[in-house]
Every structure is written in C-alpha cells, then in structure tokens.
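Note that chain A is present in both complexes that follow, paired respectively with chain B and with chain C.
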Partner chain A sequence: MQNENTARLLKQGAIWGFIVLELIFFSVAGKFLSLSDGAFMDLDNMLLLLKQSAPIGIIALGMTIVMINGNIDLSVGAIFALSAVILLDSMTWPIFEGLGDWVIPVSWLLALATGTALGALNGLIVWKTGVDAFIVTLGSMLGYRGLVFMYNGEQPTSNLNWTLVDFAEAQPLGLHTATWFLLGCTAVLWWLLNRTVHGRNAYAIGDNREAAVNASIRVGPHMMINFMIIGFLAALSAAVFYSESGSVNPNDGSLYELWAITAVVLGGTKLTGGRGSVISTFGGVIAIQLLRKGLGYIGADTETVNLVIGLILIAVLYLDKQLNRKGKEELRI
Partner chain B sequence: MTTESKPALRLSGIVKTFPGVRALDGVSFDVRPGEVHALLGENGAGKSTLMKVLAGIHQPNEGAIFIEEEKVVMRNPLDAKAKGVVLIHQELSLAEELSAAENIYLGELPRKSFGRVDWATLYDRAGGILKRLNCSFGPKTIVGDLSIANKQMVEIARALTVDAKAVIFDEPTASLTDAEKVVLFDVIRDLTARGVGIVYISHRMDEIFTLSDRISVLRDGAHRGTLITKETDEDEVTKLMIGRSLDLTRNIVAGELGPVAIEVQGLSCGKLYRDVGFEVRAGEVLGFYGLVGAGRTEIAETLFGLRAPSAGEIRVDGQAVTIRSPGDAIRLGISLVPESRKEQGLILGMSCKDNMTLPQVGDLTAGPFVSDGAEIAIFDQYRDKLAIKTPGWRQAVGNLSGGNQQKIVIGKWLSMQPKVLIVDEPTRGIDVGSKSEIHALIRDLAKQGYAVIVISSEMPEVLSVSDRIAAMYHGQLMRIFTAAEVSEDSLVQAISGIGAGKVA
Partner chain C sequence: MAALTWSNITQVLAKQGILIAFALFMFGFALANARFLDIDNVLGVVRSSAILGVMALGVTFVVISGNLDLSVGSMMSFSTIVVLDLHDKIGPALAIPAMFALTLCLGALIGFLVGYLRLNSLIVTLGMLSAIHGLTLTWSGGKNMDIADKQGTWFGIFGQDEMLGVPVPILVFVLLAVVLSVLLARTPFGRKVYAVGGNGTAATFSGIPRARIVFCTYLISAFCVACAGLLQASRSLGSQNTVGQGLELEVLAAVILGGASLLGGSGTVFKTVIGVLILGFIQNGLLLVGLEFYVQYVVTWVIIILAVWLDVAAKRGRLWSPIA
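So, the complex of A and B:
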C-alpha cells in the first residue's frame, strides 16, 4: 500500500519534475545558445509565460473535467473564436450605444453565454443521442467554425475598447489579468472536482460507467453540465484574450482543442476517464509553454518546437503505459 | 437457525422465460434471518437468473417475492436495495480511482450546501462500516490499490449502508485465496449473527458444507430440493445436482492412437494455474472440465502463445519448444478455436471466405495481390468437409447461425494443417441440433489423426466427446480420468475441490 501511495504521488508530481528539468535545461543551455542577454528565469519573462499560458490553459482546465468524465470536446477552438466575435462585435451594436463603458460587462456576459450555450448544445446531443462525444464535437467543431465565417466572411472582426485594454493589461499584485483568471479558474475547478458531489460523480462516471448507472447516478445531466463548463471556459479564455488584442480572425483558435488535450494528457489525465487533476493540467500547460518559450530562447524555430512537443507527448504516454503494466501474466498482443 | 421466525426473503413459484427458454420454472425458495442458504446447480441450471430476479434486475413472469412475508415488487437493483435485498456481484462493480468511502456511498454521497460533499460524514459512516467488517484499510484508501478480496469487502460494505435483510453472494470466492476466504466467511457469519439472511451461490462443495445451514439445488430451471446441511452429505447433493438419468451413452470408439503430439510438464502461469502436466496423442480427444476460472482457458492461451508461462515445459512431437506468439504456435501445428466465437474467433462483417483464410491470406497471393481463386478453393474444400451451410462465400459471417459460424472457425484452423487442435467451449451459444453435429465433427477429427483438446464447462459435452478427461479445480489439474474410470459423481467432486487437500 505504501508503495502504491508513493507511486501515485510520484505520478502526480511527475509533471512538476518535468517543469523543473525544463527550467534547468533552458537556463543552462541558454548560457551557451541564447541570442539574447537576459536570463531565461528572469521574473518578467516568467510572468509573461504565465500570461501567455492563459488562453489554452483556461480551456485545458475545462478539457480536464470533460476528459475525467470520459468524454472529449474538439469544438473548443471554434467556440473560442465565435465567443470572441460576439464579444467584439456586440460592443458596436446600436442597442448598446447608450451604455458607454457599461457595454463591457454586457458584452462579456454575451460572450460567456454564447460559449455556455454552445457547450450545452454539445452536451445535449451527446446525452440524448448517445453518439460518442468525439464524433459529436468533431461535427460541432466544423459547424461552429462555419458560423464564425458566416458572421463576417474572411474579414477579421475588430473593436478596440481602451478601457477594456487597460483592464486586460493591468498587473494587480504583479500578475497579469489573464494570469489571475487562469489561477482563479484552476482553483474553482479544483474545488468543483474535489469537493462537490457533481465533481466526484464525474470521476465515477468516467471510471466505471456501469457502476455509476447501477448506483443511480444520472450520467447524462452530469455530462451536459461538464460540456457547459468547458464551453463557458472557452468563452472566458476568448474574452480575456481579445479584451486586449481587440481583433479576431475567423481562423483564430484553430488547433486549440489539440493543444488543450496535449496539456491535459501531459498532466496525467487518463484518456479513458476516471483519473486526472486540474492542478496537473495546469502543470501540463506550463510545461508546454516553457518548451515553446525555451526552445525559442535557444534559437529553435516553431517547426522544431512542435516536433519536440510531439515527441515528448508520445514518450510520456509510453512511459505511462510501462509504469501501468500488469506484469507477466497479462495477455500478449 | 431460528426455524420459527418468518423468512427474511421468500420466493414463491417464480417463472422467468426468455425467448425460447424457460430459465426458471416455478422456483420457490426462502431464506430466514440469520441463516446461510446455499444455492447450487450446474452451469445453466438457472442460478444467475434467479439471483437477478431477487435483485430486481429481471422481472419474473409469474410468481411473487416476499420480504418478511410482505409482497414486494422490485423494479431495479436500487429499489431492491432500498427494500433490504442486496446482491454482491461476482464481477465487482467499483470505480477504481475513487476512495473506498466514495464507492460505498456511490450515487448517495452525503451533501452539504452548494452541492458540496460532506466528507466528514462520509468518512465517518464508511469508516464505521469498514470497522464492522474488520477491514484493515481505511475509508480514504483508493479502491484500485486494494486486493481483490478487499475490493469485495468494499462491495459488501455497500450492502451495509442500508438495513439489509438479505444479502446474496454470487460465487464470492471465485478469485480469493484461502486466507482471504477465511476472512470472508467470518464476515458472513458476522452478518448472520446480526440476523441478516444470506443466499450463498457457489459451485464449491467444501465451502457450502462449511458455511451453510440449508442447501437448495436447482437443475434445468427447477427447484429440485432443499436439504438440511447437517443431515446430508456430498454424495446426496451431487446426485440431486446431476439428477437426470443420463441417456448419454458414451459410445466413444477409441480410434487408432498415434504418437504423443503434445506434452506438457510442470506448466505454471503465476496464480492462474500451477504445475499442470498432460499429454495428448494423435487421434485422441482430451477433455478439460472445470468451473469457469479454473485455469483451463489460460492453459489453452499459453499453448497458443498468447500468455507466457512462468514455469514448465511444452513438447511438440517430442521436441521441447518455446511458443512466444500465435505465429510460433501455428508453425508448430497448434491451432486454437477460442472460447468466444464472436469476439475472438470471427470478424463478423467479413465474408465467410475472408474469415476462413484470415491466418494465411499472406500466402494466398498471385504477385502482389491476394488471389481470390486460391481463397475460394480453400473455402470450398472446408465448406464441403465440414458441411457448412451458407449461401456462398460472399455471405457475411455475422448472418450465419451459431453452429455454422463455429464451423467456419474450425475450418479456418483446419486449413492451417494443424497437428493439435484446441477447441475452447465448442458449443457455447449453439442450438441443440448443431451441438451434436459439432460433437460428431470433433470425434471425426480425432479419427482423422488430429490431437484434439476440448475445453468445456458442460459435463455432457466433455463426456460425449473425450477419450480422457482432465478435471481442473482452482488452477490445479486434479486428475485425468480415463474412459473406464470416469463417472459423473467423481467428476463433479474433482472439480469442486473435494479431496483436493489443502490448496496452497
């Protein structure tokens, strides 16, 4: 039992160990290879890294709860883009003209409502049709992206509100606004997964669906709630990011679903559900962002970065499988 | 024990039919508070159906269920649990990544405001139940880290979250060690001391005689009698179980026996089976009889290279061999017709021909392409040889009857020219008419000089096809009976572990 506890802790800690390794590697390698003079572990650099982790990080948190539940959501990138369009465009709608800067919370709410509603639609289809979430959200990924293009064609949707930009660029207590949102969401989702009946049931459903059904847990509604949560978080991620940038291209957010899944898997969440933690996902997000930044710092280009991240992902899953082998008695494949 | 008190649970005249089968035919049965009532029967006698009726999974077509003499209808397992009847499944139904406490109260987690889990209450209650069961682990332990025996304790603990009147154990010791069994029996005795009625389903005669107060025997869906444990013995129970005056004349004419085709010595595979030794000659059928989980299929999987043995030697044609993969096995002339036709034996959407030639399609080529002609030639040959009824080679295998599907699998392996053919549960899910046809086919194959190993859980089947019968109990090869020695009583006793001595 002691061994198993240690193994469990080791696994949860693995992602943090990996992050430490990255920090050491890039600090040392940076001394020889870096083109810039600044140290890699410079405070401003690290704060920026956290801020840049936020858009995918917030989505990855939602992906964690959906994957723990035994589902997956491929439509988050499209929800991200559509919510951003709603956020920026609604601020220019004539009906809100008299509101002044009060249009900001209204637009935020509209964007968040959009994301939640799109997530709810995903969840409702998965629940009522019983079609696999992979297929349902693959379809809605295409569909929602189609809506983005229908809205404004190939044109970017832009609207820069300086009050909003100030808000997004603020650094209360040293951390960027986006970082605060990332940390806040991590805390709330951790609480939700570990402290509420809904969270524990989400684990149970992903772990052993039949046992959950036998125990009268209503699987469908729990799944739908989780899809609403990830939809909400995708919209929140968009709201935070585009408050600052003020312009969204119809292809923005493409592949975000895959980056989010990568972060979740690196964090040790089981693809089949039942096991995972948002804290580890947070680690996974940081690890990916560190790799990107670090490889850039030592002079690698984007293509190399993607190649390395891909290789590391496969290596991590291979290690995980080796650690989980049942021993010699298992059937050979 | 207390014969006067009214039964905790009583069934009266339960009839349950499935399309084409009368699974339960007017079964009446009761369990009193504080009593262990064992339920016995061969595979297919109706035990599982009865249990599912008791637990509210199936609704009976006729008859009534009474709890403390009050008529009840159990709509589903939760309803049954609420009324005080709990089923402990043979296959555990637990969420492995969650704590013991969460599993015990799965679906009924105590709540606080804002949908929060009331952990204090949860751990307190679950801890209390685990303590009552004398469990060595706490409520916060992750279930996946527990041994199978302790997982079973968690399952049992679930029964105690309500005021259970009757608890049904379905083959609870199937995967337990002897030491773990002792603990389980203590728990059961403790439950009875608290006035809970226990229905104990098992195949294992020794356990039943240690534990039970009364024994009821089911055969062919009907209740054949209830015996007081103290006043009966194993012979009487065995007779009641077999009952039928068997019209199974063992008209096996032993064919010409050739040389030893395959020989196994001291073969072991971890906990699955230990120190198994046997030989099969060309022209002979060796039957393996035993309960589900006795290790028979695992031996077959080892011989076919699917499972690595932990010790022992396999000789094929007198040569010691190492079989690392099914490819190795096929090259050595060993073929396996697996237990589960639809999951392991066939690709249901593919045509008869494609299924038949699957293992050798790489050799049936003309240049870089698969040769339809060569494939069809093989298909035609074995269709005629095995009398497979199919509209044509294009037919998807999924559309054939069970018997013909099985023949396709057998044909597939015969076409690989094996010396040793292992057939695991040859007639599972096959109707009676085709059964005898498959049996005749197996005899015929032996006559043609194949060494055949048949694994079966049905006694009539092993008796009617085998020259010799190996009886397995709990991973041990108890005895190999020759045709002259074998009797139904001795077989039942061998596979129930009677005379097994102490199993380590």
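So, the complex of A and C:
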C-alpha cells in the first residue's frame, strides 16, 4: 500500500519534476551555449512559451478525455484545418456582408460548430458501427483532409481581420489571449472530469467497459460526447490560432494528432483508458514546448528536437511500465 | 437448409467482401472510362502503388502479430536519404547493403522495445516516427539529397527500368508478395505469427517464443521499408527529407482495407495486396472520370469504414453495434 502510494505520487509529480529539470538545464546550459544575451527564464520568454503551447495544448486536453474514455482520435489535425478554413472563409461570405465586425462571433461559432459536428460524426460512427475508434478516426483523418483540399484546392485560405488580430494579440492581465484559452479549457475540463457524472462515467467506461455496461452506464452517448468535445477543442484551437495568423494552408495541422498524443502520454494518461488527468496533460504540453524552445535556445538544430522528443516518449513509456508493474497483473515471461 | 438470411449474406460478404468490392469497382470504372482497363494504365497504377505496397506487406506481419507500426513512413525517408547520400560516398554497390543494414538496425530496435520489453507498440513507433525523422534530418543536414552524376550511374535500374516488359518496381512488389505470402501461410513461423496475434498468452503457454516472433515481424517490416526506400531513391535519384511523411497511415489504411484486424490474428498477404490495389485504382479511376485528386481521400474514408464495419458486423452477426 505504501509502495503504491509512493509510485502514484512519483507518477503524478514526474512531469512537473521533469519540467523543473528542463528549466534548470536550459538556464545553466544557456549561459555557456546560447548566442543571445537574454536569460532563458525571462518573463516574456515564458509568456511566449505558454502562448505557443496553446494550439497543441488545447487539442491535447481533448485527447486526454477521449483517451481516458478508452478511445483515440487521429483526425484532430484535419478537424483543426477544416475549422480554420471555415473560420477565415466565412468572414468573406456575401450573406454576412452587412454585419461589419459582428461577423467575427458568427464566424467563430461556425468554426466551432464545424469542429463539433465532425467530432460528433466520428463519435456516432464509433458508437453505431462498433468499429474501433483508431480505424474510424484514421479514416476520417483522410476524409476530413480531403474535404479541406476540396474546399480551396492547394491554395491557402487567407483573410486578415484587424479587429480579430488585435483581439488575438491582446494581453489581458499580462497573459496572451491564447494562454487564457488554454488555461480556461484546462479548468473547464478538470471540472468536467472530476466534478460531473459524465466525467466519472468516462473514467468508468475506460477502466472497464463491461463493468460500466453492467452498472447501466450508457457507453455510447458518453463516447460520442467526448468525441464532440475533442472536435470542439480542435476547432477552438484553430479559431484562436488563425485569428492571429489569418492564413491557413490545406496541409496545416497534419501531425498535430501525434504531438497531442505525445503530450497526453508524457502526462501519464493510460493508453487503455481509465486513468489520467488534464492537469498532467497540461504539464506534458509545457514540457514539450520547453524542450523545443530550450533546444533552440542552446543552439541545437530543429532536427535534434524530434530525436529527443521521440526518445523521451519511449523512455517515459518504459519507466511507466516499471512503476506500474504489480506482481498480480503482470505475467512475467 | 442454408437459408438466405441476413447473417449468411454478411458471412459471405465478410469473407469475400473485399474481392467483391474490388470487382465492382473495376467494373464501374471500366464502364465509366474505356481507358481504365488499358494495359498501360493498369501497369501504371500498379507501378505507382508498388512503393506503398512493399511497405504494406511488411506492416501486414506486424499487424497480424497484434501490433502497430507507425514508423514506416519516416523510416522510408531515412533509408532513401541514406542510400542516396552513401551512393556518392562509397558507390552504389556498397551503399545498398549499408542502407539495408542501418534500416534493419532501426527495425531491430523497435522489435526489441515492443517484443522483449513489451512496451506499447503504438507509442513506441510514434516515438520512433519522431526520432527517426530527427535522425534523417541530422544525416542530411536538412538539405535535399541528390545524386551528383545522374546519367552515369546504374543505380536507376530498380526504379526506372523494365524487365521483360514489366517495370522493375512491380517485379519487386510481386516477388516480395509471393515470398512473404509463402512465409506467412506455409511455414511454422507464419503460424506462430498468427498464434501470437490471436492470443498472446495462449501462444506463450504453448511454448511459442512471443518476444522473438514480434521481434522478427519488425525486422520483416524494416526489410520491406528498406526495399521501398531503394525503389523510391532509384526512381527519382534525389529526395526530400520528408518523402515518406504520412505514408504510415496510408499503409495502415491499405492493410486494414485488406481485412487485417488491428487486434491481431487475422489478415493475409494476398488481401493486403488487394487493399493496396484498391487504393491505387480508386485514385486512378477517380482521376480518369475527371474528379479532383482530393476526392480520393473522401472515398477512401468511406470505403475503409464500410469495409471494417462489414467485417465487424459479420463477426457479431448483426449490423448495428450492441453498445447502448
């Protein structure tokens, strides 16, 4: 029992310990290796880091709830791109011409609705056909990406609205808009997972689906709601990001699903479902962004970042396996 | 009496569904465009599917043993870049075996992590996807890789030449498919791959060395990736660092379309070949009837889900899932 508690504490604290280690390492190493004069732990630098983690971070939060539920979503990158296209393109639609700047909330709503609908479609297929979520979302990853290309060919979709850019670049109370969205989503999802019936059922279904069915939990609707949540969050992430940049390429967001899954796994969420927390995922997102920024800061090439993140992911998996090994569960052969 | 019930129909559909769908497809496109079944067109489609197909053959083994391999795309970029780089440094005759050795080392590493350490294959190969991509960029320094003397090398024979009127990539694809099909269907090793994927615990208790079998499936996958990299490099004699990016999911789509279950234990090399050809002919057929290139993604999506749905439905004997 004592051992188990220690292991759990170790696991929950691990990601934060890792972040502290990264901070110390890059601060010290930066003194000798960095070309720039600014310190790594500079306030502006850290604020920027939070802002830059927002796009992947918001998606990773959704991925957490889907993975706790025992599913996975590979289509988030494509949903991200399609929502962005809808956001930017809808602002130029003739029917909204008379709205002036009121077109912004309308476009946002349209983009969010698109994401939610695409997520709902994934969820409905998983629920009604009983096909594994991995396959369903692998398919829709291709399909949704195809829709993005059919919308505007290989041309980028661009539309800069300066009111919107000002909103996205604002720093209310010191933090960037994107950071506020990331923090807000983390808080809401934490509440959803820990304080609502839906959250409790999501854990229960991921942990043991049969038992959940026997406890007369309706598995299907819960799964579908979770897919809608991740669709919504992918769209929100796109809305926040493209409000500022104003131009989306049809290939944008590809590989986001892999980054999001990496962050979730670094945060210690169990792949088979039933365990995990959005706070740890938040830690995972920050850890990855620190690594990318830090390696750049000490002059490492971008290629090293891929290498290091891949190796860390495997190392985390190995450590997790060691920590989780309990004589009765593991068949050692 | 074998009544024509829903469950009987679905049984037949599930067993031969992929072939029936393939036949319907070819028939439909042939009606829509006379050029579709032209021998040149068919050879062209098979030739352009060969690289994807070669990779899919290896991944079939991994999937049947109950694991996933998401690293094949980035591994293919790696082997392409490596063989092109070494071609100018040590000559093609040495570069090819060196590239195979390096790629097999990567496969062995994944096989060790998944087989012997029993780590989750999805995450391991996801990590390797990123790590190998980093390795490739480090090797090439981020630049495109080109052979200096494109005219004076015999290296192009694998990707560009024809033998007996058939393009070499097709020959490589067919040869590998036959050899691997025999290995999977006719040897004790193949039976063990099915056993490990069907029920790992039972296989272990029957004295099958689970770890070693899984290890070998990743070696086979890496070997196929090396072949694909060779074909790719030889065809273009130059390459970007990201040549294989995203291929892992298309490969997986082809394998699943062929009817291999992601849970392991089912699938054949022949069906994977059909899956690859379906993807190739869809793309070609849609282009020939005048649709945009991108429509194939949407069509592939629908087909993958329908194919797997039919398969699952036949196994449980009812169309809709029992999930409440």
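The rule is short, and it goes like this: the second predicted complex is superposed on the first by the 324 of 333 C-alpha atoms of A that agree within 3 Å, B and C clash if a C-alpha of one lies under 4 Å from a C-alpha of the other, contacts with A are read in each partner's own complex, and residues count from 1 in each chain.
Note that in this section a contact is a pair of C-beta atoms (placed from the backbone, for glycine too) under 8 Å apart; a residue touches a chain by one contact, two chains touch by 3 or more.
Predicted, not measured: the structure shown is a model, and the values here were computed from it.
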First, second, both or neither for A:44, with chain B first and chain C second: neither
Partner chain in contact with A:303 - chain B first, chain C second, else both or neither: second
Partner chain(s) touched by A:129 [first = chain B, second = chain C, both, neither]: second
Which partner, chain B or chain C, touches more chain A residues: C
Partner chain(s) touched by A:97 [first = chain B, second = chain C, both, neither]: neither
Residues of chain A that lie at the interface with chain B and also at the interface with chain C: 331
Residues of chain A that touch chain C when the two form their complex: 74, 125, 127-132, 134-136, 138-147, 149-150, 153, 213, 218-220, 223, 254, 258, 261-262, 265, 271, 301-314, 317-318, 321, 331, 333
Parts of chain A lying in touch with chain B, wherever the complex brings them together: 1, 4-5, 8, 195-198, 200-201, 203-204, 207-208, 210-212, 214-217, 274-275, 327-329, 331-332
For the chain B and chain A complex, residues of the former touching the latter: 77-78, 93-98, 102-103, 106-109, 111, 114-117, 119, 137, 141-142, 145, 269-272, 301, 305-308, 310, 325
Residues of chain C touching chain A in the complex: 113, 117-120, 122-124, 126-138, 142, 201, 204, 210, 246, 249-250, 252-253, 256, 262-263, 292-298, 300-302, 304-305, 308-309, 312-313, 316, 320-324
